[in-house]
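Listed next: structures, encoded as structure tokens.
You will see subunit A twice below: alongside subunit B first, and alongside subunit C after that.
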Partner chain A sequence: MRAAPASLDPATPDAAPLTSLVFETLVRVDEAGAPQPCLALSWQHDATAKRWQFNLRPGTKLHDGSGLTAATVVAALEAALPGVTISATAAAGNVDAVIIRANHPMPDLLLDLAHNGWLDTGPFRQTAFEPGQRAEFAANDDYWGGRPFLDAINVQFGRGLRDQLADLELGKADVVEAGPADLHRASSHGRTIWSSAAVSLVALAFNPAPDARPREALALSIDRAAMHAVLLQKQGEPTAALLPQWISGYAFLFPTAQDLPRARTLANDLPPAARALTLTYDPAMRAARPLAERVAVNARDAGINVQVSPQNPHADVRLVEVRLASLDPEHALAALAAALGLPAPAGSGSAAALYESERKLLEDFRAVPLFQLPVLYAASSRVRVYTGPPVTRLGDWRFENLWLSGTAP
Partner chain B sequence: MSADPDSAARDLARTIAAAVAHEPVALTVKNLSALSAAETAEIRRTLESELKVAGPPSAEVQLTISENLTQFLLVAEIHRAGERQVVLESWPRTPAASGGPPPDQPARVTLEKKLLWEQDQPILDAAQAGDAMLVLDANRVLLVRGADRQSTPIPATHAWPRDPRGRLSVSDTAFTAYLPGTICRGSTQPQLSLACQDSPDPWLLAPGAIALFTPDRNLFTGHIDIEPGGVHDLAPFYSAASVGDAWIFAAADGRAHVYAHSWDPAGGIEGWGSDIAAVRTPCGARILATRPTSLAEPDAIQPYDLVSDAPHAAGPPLEFDGPITALWSAGSSVTAVSRDLQTGRYAAYSLAPNCGY
Partner chain C sequence: MTFRTRLLIAFALTVIVAVAFVGAIVSTTTTRAFGRLDEQRASALAAQFHQEYLRRQREIAQHVKDIADAESTRDMVIALSHPDADASTYVDAAQPLAAAHNLDFLELVSATGSIVSSAQWSARFLYQEDWVKQRDDWNSQEPFLKREELPTDTALALVAVRVSIVGDSKLYVIGGEALDRDFLSSFVLPAGMRALLFREPQSIVGAAGPVPQTAALAPLIDDLRKQRREVTRTIQWTADAASAETFHAIPLIGPSDELMGAFLVGSSRAALVGLERFLLRVEILVATGGILLALLVAFWTTARITRPVEALAAGARAVAAGDWRTQVDVHASGEIGALAAAFNQMTRDLLEQRDRLVQAERVAAWRELARRLAHELKNPLFPLQITVENLQRARAAHPAEFDEVFRESTATLLAELGKLRGIVGRFSDFAKMPQPQLETVDLNNLVRESLKLFEAQMQATGVTLHLDLAAGLRAIQADPGQLGRALQNLALNAIDAMPNGGALTIRTAAHEDGVRLEVSDTGQGLTEEECDRLFTPYYTTKTHGTGLGLAIVQSVISDHGGKIGVRSEPGKGATFLIDLA
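And then the complex of A and B:
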């Protein structure tokens, strides 16, 4: 993988795909977006959705061999869910249960719980971890869902996409990350492509400056459709919103069309010094260089001179890729805002309020969303999938259902 | 957030009407959601009934019906006098997202599939026996314990039907294998042992329930002895399930027959396959039923509730790549056998139910 996480802490964004090998939550979300039982076997809430009860899955063991208890879950959730009261109780049949209470309705609590309160009950145990280098995982024989088919998983960190593709082609790796431009090559020779939903925001993030006109001019000059068709091979979707459409439901309200005449008008009104910008990118990011160069070409058409240089800490604009951190729209928006250096959005509570928060975040063009991309993986022909998708909507790994042909499942 | 699409549409119409000073509007509707054309038309009708759409419009309203993970959204873009105003209303997609299930709403049951064993020969049943697993086919009983494999042949004292069926009943280390006209008793300890004999004795249908099996066919005769309930002679059936105080029999006539506790016929169920089984879930007993497909088609297994003797889907179907050739209850799980239409191999799965709302 390209990322080089320093730890397996679920709070570490880089560790996201690895987390699901080891850790689990009370609830998980299926491909249709519906909450499904995980460590909680069932749940119910009152009519106002202020009090929820989660009945724990009996017989579940943590990786240290101890049984999963309500007290363990409470401890894990307390740090993740500030502002609510969490307590342990016993449900009918002497089943351990957890009660979550708040003074306000929590209609999206299940989505929160799908990515909060991680516990090490997952299908694989961590057996080795070298920060920034590699990690090893072994099958959890006591996994409540049954022992995984794979005995072990070895993950190498910090590998560029080209190196990963070469590893796949040389048989050194069974599963690798794939870039949009490499999909055709990656899917040849019986290999398969796995994809998440559009979970990764590609955007331009500007350094703070009082005059919004250069930013607006640059934003209006960008031809997302051409970049999407050519550079991204139509993977993902062009966007001018921070949250993807499948999370917010209103992303289409933010127009993505290029408006070169308006961009030129804005640029013409700028003093010459304001028509020059520097743009930087992380070379490890997917399609970063061609995207950055295309932004510069579009900007030039509007009369703005954009100099592109990788890893330039003093650049005016950064081309960044930020992965969705939560299925809860409000939490996801707050995390995206933080990652892009934007002010914290106002609390919402309704779709209309959430839209207003997002509109305010974008109105001065401090961030210019470009694309929502899926996370893509290529798997060798010997990797087989028994049930369910091997990659979730959010891009997390569900490798307990994988097996390798030539070995007994 | 509104409670339902009708209230959302009415709330949205009121907001739009206020924004356009109650003057006529031109309304266009686009549906980006999973709502049907009929539901979309109903929303449009509600809006048109609340808004003035006759006469020269003072504003254009573009309504988009959209959705996210938890809500459906009505998004109206109001274009008036060169200005654009956006108003939104929403309602929950599922009871779990808001409001919650009423206390008497049954839980949704989903099935988790776990592969137990795969082989070329048709698997009749598979069952856990302590730390080992038993696999029954028409020729042998196989014991799998870690990497250890032991098998004992089943003596062929008479010809099997073309579509033989069989069932395992396990109690600790002892087990019984029921085959058409043959019953085998064995043990998994210290080594796999098996003793078979031709026998017309009934098969164990469920705890406390036995039924005669037709030796040269693939179905039960209909003669059953159930405790409590006594002996009954019903129509021949392929499989049976008990939920609450009702019994359901997937009969040879292609229907599932329901019998209430008095053993009076309580109706028939169309649309189920010949394999049904009861499963104990954390939220109560459910019936799992196959579809009425042929052996050349993929099949699926779906959980059902029996409400007033009528079936109600209790969760989504679990799809298989091939036909289901066996389905036996194992108490809190069910063993299902499916034949892969591509490879022709048979796979036995354990299906575990999960409950949620």
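And then the complex of A and C:
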């Protein structure tokens, strides 16, 4: 993988794909975005959604061999859910249960619980970890869903996409991350491509400057369709919104079409110094260099000179990729705004209010969304999927569903 | 300036001119030789450029054709011919192809003119290259010059277009090489020469990179733009002439006959300037040595030549100073020896002639003196004879009246004897002229005082006196008695020259370092001969007088260190000019 996490703490963003191997939560979200039982086998809430009771899955064991108890869950949740009261109780049938109470309704509590209160009950146990280098995992024989087919997983950190593809082709790896440009090559020779939903926002983030015209001119000059068709191999979708369409439902309202005449008009009104921008990118980011160079080419057509250089801390514009942090639109928007250096969006209670918040975030072009991309993986031909998707919509690994050909599933 | 100095200068100038002449010939010959060598080298490099250019044209055409004919390219044509073809699959196809065929630029362009893949600017996919659709005979076209836009620059490229055709489908393959530093590095350059590449509008690169101070090349570029043919111009980069470079520029013309750049062959003039400076130093050294040698030789030679000449000149000056006995002691042969002998003979002849002349003048003077004495003495002698004869006749014929006659006759005799004594006195005075006793004298006052004596005489004879005396005239050192008598003598002569009246004008004025006194009359004037003889003792134009007056005046003026002259014409009066220090 490209990331090089320093720890397996689920709060560490770089550790996200690995988290699902080791850790689990009370609830998980399925492919449709609906909450599904995980460590909590069932749950109930009152009419006001102020009191929730989660009945724990019996027989679940932590990786240290101890049984999962309500007290353990309460300890994990208390740090993650401030402002609520969490207590352990016993439900019918002598099943441990966790009570969560608050003074306000908690309609989105299930989504919150899908990303909080991690417990090491996952299908794999961590057996080795070298920060930034590698990690090893072994099958959890006591996993409540049954022992995984794979005996062990070795993960190499900090490998570029090209190197990962080479590892795959050389048989040194069974599953690698893939970039859109590598799809054609990666999918040859019987290899399989796994894709998440469009959960990764590619955008331009501008340094603060009072004059929005250069930003607007640059935003209007960008031909997203050509980039999407060629550089991204039609993966994901062009967007001018922060949240993907499949979450917000209104992303289509933000126009993505190139408007070169308008961009030229804006650029012509700028002083010469304002028509020169520097654009930087992280070379580890998928398709970063060609995307940045294409932005520069489009900008040139509008009369804006964009100099592209990687890892330039003084650049006027950054090409960034930000992973969706939550399936909750409001939380996801706030996280995206924070990642892009935008002000925190106003609280919302409806789709219309959320749209207005997002529109306000984007109206001065401090951030220019370009694409919503899926997370892509390529798997060797000997990797088989027994049941269920190997990667969730959010890109989490479900490697307990995998087995290798030549071994009995 | 002495003859010797002139001779020395002539020698030195001869040496300098000779050295300069030889130096100029050597410099000119050297410069021409260098120029010819430069032209030959520039021509050779230009020929090398043309050959390399043609070679690259052929090479590029072949590489692009190879790509267009390649099976993979034909597969691409077929794949792209499908209605739902995904051109994005080939977006990175150009770069490896360009690298494999050593091309700097390669673009694969669809039949619609849309860029499928660009090696030099991969981000320009799907951009239109419509110019490529404007002709169908690309496969028979030679490579041409094209301005190729790059992400951060514009390059000058030699480009070929070939078309890969499969059935009704086609793909344009546009490939080429940059005319840049690498291109220039392929040339073998002699020492002192370099090759540059000018690319419109103002980029100039050499094999080592961009050329600084390109402003100096602007006139050459302007010439290229105007003339659009090969031009040569010398560029001086700094104030030092050694920095100059002669550039031969070969224009690079694009397909639309526009100037797209130029190949510049620069030939440093440092070696030539260095040689010229060396020659100049040698010339200066030779000239300086030559001048010194010439001076030594000239000094010795001129000494031999000018010593007799200087002796002759000294002899001539001695003769001019009155030493007619001068003889030059010159032992020379040839013309100088003959000249010295002639000089000595001349002084001997002059001395003899002067002696003869003095003797003749003495004789003439004595004759004139005798004539004058006879004339002067004859006048009173005749009355004396008549009176004595009257006395004798009266005693014999009229004894009674003898006493009366005797008294009258003795009175007459005494009068005439008095005249004789006066004549003798004047002659005596002339012989005994005393030296002047100098004192400070105001000449204007002296003039006024001296002329008072003649007021009655002038009034009686109708002569009008005009005094034109300069105010502020400086005082002079003079003997007032002698100078006054001289002035009176001149005034008396003037009055005598105007028996029927006229105007006597006395004028004083500052003159050179002294003063001038003019005495003018309006009498009958003098002839030229009279003017010449006027100051000769005992010469007179009057019927009475001794002829000593003007001689005495000249003697007085000479004793005062002055000089006297006369200016006159017959009928126009006379003016005596006296200059005193």
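The criterion applied here is as follows: the second predicted complex is superposed on the first by the 409 of 409 C-alpha atoms of A that agree within 3 Å, B and C clash if a C-alpha of one lies under 4 Å from a C-alpha of the other, contacts with A are read in each partner's own complex, and residues count from 1 in each chain.
Basically, a residue touches a chain if its C-beta (ideal position, glycine included) is under 8 Å from a C-beta of that chain, and two chains touch if they have at least 3 such contacts.
From a predicted model like this one, the values you see are computed outputs, not experimental measurements.
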Looking at the superposed three-chain arrangement on subunit A, would you call subunit B and subunit C a clash or a fit? fit
Once the structures are superposed on A, label A:257 by its partner contacts, choosing first (subunit B), second (subunit C), both or neither. neither
Between subunit B and subunit C, as viewed from the CA centre of subunit A after superposition, lies an angle in degrees, nearest 10, of 160
For A:276, using the defined touch cut-off, is the partner it touches subunit B, subunit C, both, or neither? Pick first, second, both or neither. neither
A:297 contacts which: subunit B (first), subunit C (second), both, neither? second
Touching A:308 in the superposition: subunit B (first), subunit C (second), both, neither? second
Who does A:233 touch here: subunit B (first), subunit C (second), both, or neither? second
Would you mind checking which one, subunit B or subunit C, touches more residues on subunit A? B
After lining up the shared chain so the two structures overlap, which partner does A:90 touch, if you call subunit B first and subunit C second: first, second, both or neither? neither
Which holds for A:33: it touches subunit B only (first), subunit C only (second), both, or neither? first
Where subunit B and subunit C come nearest after superposition, their Cα distance in Å: 26
On subunit A, positions contacted by subunit B and by subunit C: none
Give the list of subunit A residues in touch with subunit C in this complex. 181, 184, 223, 226, 229-231, 233-234, 290, 293-294, 296-297, 307-308
Residues of subunit C defined as touching subunit A within the complex: 87-89, 91-92, 121-127, 151-152
What does subunit A use to touch subunit B in their complex? 29, 33-37, 41-47, 49, 55, 105, 107-108, 110-111, 145-146, 149, 245-250, 252-253, 327, 329, 350-352, 355, 386-387, 409
The subunit B residues in contact with subunit A across the complex are 1, 32, 64, 66-73, 75, 77, 86-90, 92, 94, 96-101, 107, 110, 112-115, 118, 282-283, 350, 354-357
